[in-house]
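Take a look at the structures below.
After this come two complexes, each holding subunit A, first together with subunit B and then together with subunit C.
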Partner chain A sequence: MKLKPEDLKKISEKMEASTNLRSGAGRAKITVHMGTCGIATGARDIMKAFLDELEASGKKDILFTTTGCAGLCSHEPMATIEIKGESPVKYVHLTKDKVKEIFEQHVIKGNIVEKSALGRGSERVG
Partner chain B sequence: MEDLSLHILDIVENSIRAGSSKVEVNLEEKKEEGILLLNINDNGSGMDMETLNIVSSPFYSSKQSKNFGLGISLLKQAALETEGSFEINSKEGIGTELKAEFKNEHPDMKPLGDIMLTIKMLRLSHPEIEFLYSNGSNSK
Partner chain C sequence: MQEYRMHLMLCAGTGCVSNRAFDIEKAFNRELEKHNLQNEIKVIDTGCQGFCERGPIMIVQPGDIFYEMLDEKDIPYLVEEHFLKGRPVEKHMYVPKDGEVPIPKLSDIGFFKKQKLIALANRGLINPENIDEYIGREGYTALAKVLTEMTPEEVIKEVKDSGLRGRGGGGFSTGMKWGFAHNSPGDEKYIICNADEGDPGAFMDRSIVESDPHVILEGMAIGAFAIGASHGFIYVRDEYPLAVERINKAIKDAREYGLLGDDIFGTGFEFDVSVNRGAGAFVCGEETSLIASLEGNMPEPRVRPPYPAVAGYKGKPTNINNVETWANIRHIINRGAAWYSSIGTETSKGTKVFSLVGKVNNTGLVEVPMGISVRDIIFDIGGGVMNGKKFKAVQTGGPSGGCIPESLLDTPVGYDTFAAIGSIVGSGGMIVMDEDNCMVEVARYFLAFTQAESCGKCTPCREGTRHMLDILTRITEGKGKEEDIDILLEMSELIGATSLCALGATAPNPVLTTIKYFRDEYEAHIKEGKCPAKECKALIQYTILPDKCTGCTLCARDCPVNAIAGERKGIHIIDPEVCVKCGICKAVCNFDAVRIES
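Coming up: the complex of A and B.
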């Protein structure tokens, strides 16, 4: 079985139709932590869940990206949600159900889902 | 890691964080020999000899300045547990080449898992990077 370049192009085009991945100025940004610790605890499924929500929403002003380990391995899988002009919020111990709620409440409506959040801020300083 | 597709995702994420613009993943099954070969090549920043010599140790991580941690040692362990082999070569400024050989019939062989989901997720989250994936079998 071979995945041909045209197959990859189709996958990419499908998503680009509804999302603006990693480029341009978005209203919100979703970052899934894909370090070894995150991947071992289910980050790939969390990433897929966010991308499915993103595609279903039809929104074009939401950026999506990945990053590495945040140094909080016991809290994985994790994601950071950043609304333009606001502090990033780190969500921990994610599940598909939590992703759905976080996407609907925080990413779309701007309301932080406190019960699933670790806090405001980013592991990157400066 | 539950399966090889997650190991592959982890290693390719390393390649991405090492600044690669092109990553090749090749899986080849040699059926008669009962071997699965995994090759991952990137054109990222590469590693110097000192780093390369210790990178596959689980006791080494240099997250302060480098882009890898436990992932390479976990893949190496997964290969060696099947009585397979593991090799990594790298040149600074050129890229890194990783080869892992798995004995398919070994009781400790992990399942391949959802490799297509891994490739799809990589492609969607990093559209600026060229991913080449091939999966073939050789019965000769």
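Coming up: the complex of A and C.
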């Protein structure tokens, strides 16, 4: 295939997910809490559900990552959704159905799913 | 395209590969599959990430988690803890020399924090063998811009205004050089990338070609457009097999995308590149020698003018730039001359890549803005001198450069600032020396190198360096004469003034600067028969301190020439007549009982 100048942009868009993942850029960030408690209550399935949603959506500007225990083990599995420029929101007692709703409503459209949310913001550090 | 939640950016530069990075990659893939993570986490081979001292290294993205000194046997634990359970493993994180808390994030590590990446912008972020990843980071957009929106004159003006100067050592304005080749009459012109990096301890160009080969091709294509060339050569040392492999793969991929060949981007512009492997003669780094070698002739420099811009390869106008120079071009085009010239000092713009080696804690490849002090490079980025020893000097510019003593450590990096103190920026070698390095021996070492690499064409270089080497060798053997320093200075001046090319003209630099800043060491050798650094074998003796020796017999057993006598639990003695001064006794002694005296 011989490229035209405009093809560079197409390839670049195709690579955007990789590029963003490595440079930490992105419009939204999904973090699944995967400490022992999270994993024990099914965080792996929650993670897979988010990855499936992400892949199906074809969105390239969403970062997905995992982290450890958020400290509220009784409410696992948990995830944190952070839209760029807004404070992060923690979701608790996740199920695959909730993941679908959170992804569609919050990650894509920016509407917080109040009924599954624990609260906004981060813990105070220091 | 499949989405992964994590990319493991594993360094596959030559340094890490020789530390078994590929075995580690296999172990990762094996363990990821074992935990059924292969569809979530992907291992990416990158080029050199710069921190060679701590290799094999890997950066986990997202998260910027930096792992160092990986070992195959630790991989199962690492995969289970970090990638399955989400708990980064401290054991493999970087621990700074003066701290006890591991630093997980790359961006928090001093070695990386003070660097500014332009030429190395893609290091560790892309797989060098994947052209799409290069394009994903604005790759080839500068070439597209040049071919569709700019005239050759505009390109030359942009490069000239950026203030970029030749990164191979000459420091000549790149834009002006392009202008000369552009203005030379003729419709057959050539572009050459000089990747014949030959300074001892230097690996800047090697690393750029290995980690980001397309940046060279894009730069060359832009240069070809500017001067009106349709063919380019990459002259690369055959000792760089990985660089050769990756540049060839890059050329093949670029041709498939129509980024090399006829009618690039459908604009009618034609340009292709071929790779020429050099046999490793140092003199081939000199542009006229390189061209002679490329033509199939003996690599001997010739008189300039005419400069290659007028009569180069096959007598046609030719433009030669070094790898690092080419790597800057696309950024200058994309971000503009004003941006580039805002970095650096009045006369030295942009950044410079250095290979930081020798007795420094953080050996590796660093890119810093011009104007940063030598002290910052060695102490902040390099982490200071190894084993708590005292800093003595740093040799910059390889065998053509000079040494910078401690009193001049605050000198800002720049072509003119270095020249003012008798050294050069050169291609970017930076060899750190500590109190145990004898400066006469340092001068002798570099002169032995240039003497062996002299092509033999000019008598002053061929014969003169030989005589200087004889004198230096004599001094290190304790047979120096009173007049030796004056003879060395006189010959340095003569060789510098009468050699045709830079190899001879700069060969005396290490001698001149060591005499200038460490004359007392020369005098100690000549007048007192002493080597203050206790390095010159002919001038030192190994002895055992009776009050420290416990009679453990370890040194006696390890001595390769049986020079040490002594009973178990009795004091040991070294026979100076038999001792070959190999230093093994000192290295094995657990009680610090072996001393070197001069």
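Criterion: the second predicted complex is superposed on the first by the 99 of 126 C-alpha atoms of A that agree within 3 Å, B and C clash if a C-alpha of one lies under 4 Å from a C-alpha of the other, contacts with A are read in each partner's own complex, and residues count from 1 in each chain.
Keep this in mind: a residue touches a chain if its C-beta (ideal position, glycine included) is under 8 Å from a C-beta of that chain, and two chains touch if they have at least 3 such contacts.
From a predicted model like this one, the values you see are computed outputs, not experimental measurements.
Put subunit B and subunit C next to each other and count what each touches on subunit A; the higher total goes to C.
In the superposed pair of complexes, A:A40 makes contact with subunit B only, with no contact to subunit C.
Residue contacts after overlaying the shared chain place A:L51 against subunit B and subunit C alike. Using the contact criterion defined above for the overlaid structures, shared-chain residue A:L63 touches subunit C, although it does not reach subunit B. Shared interface residues of subunit A (contacting subunit B in one complex, subunit C in the other): 1-3, 5, 8, 11-12, 15-16, 21-22, 34-36, 39, 47-48, 51, 64-66, 68. Of all residues in subunit C, only 1-7, 9, 40, 61-64, 84-87, 125, 132-133, 135-141, 144, 147-148, 256-259, 263, 265-266 touch subunit A in the complex they form.
The touching residues of subunit A, when paired with subunit B in their complex, are 1-3, 5, 8, 11-12, 15-16, 21-22, 32, 34-37, 39-40, 44, 47-48, 51, 64-66, 68-69, 71. Residues 1-2, 6, 9-10, 13, 17, 63, 67, 69-71, 74, 116-121, 123-128, 131-136 of subunit B are the ones touching subunit A in the complex. Taken together, the subunit A residues at the contact with subunit C in this complex read 1-5, 8, 11-12, 14-19, 21-24, 33-36, 38-39, 47-48, 51, 54-55, 63-68.
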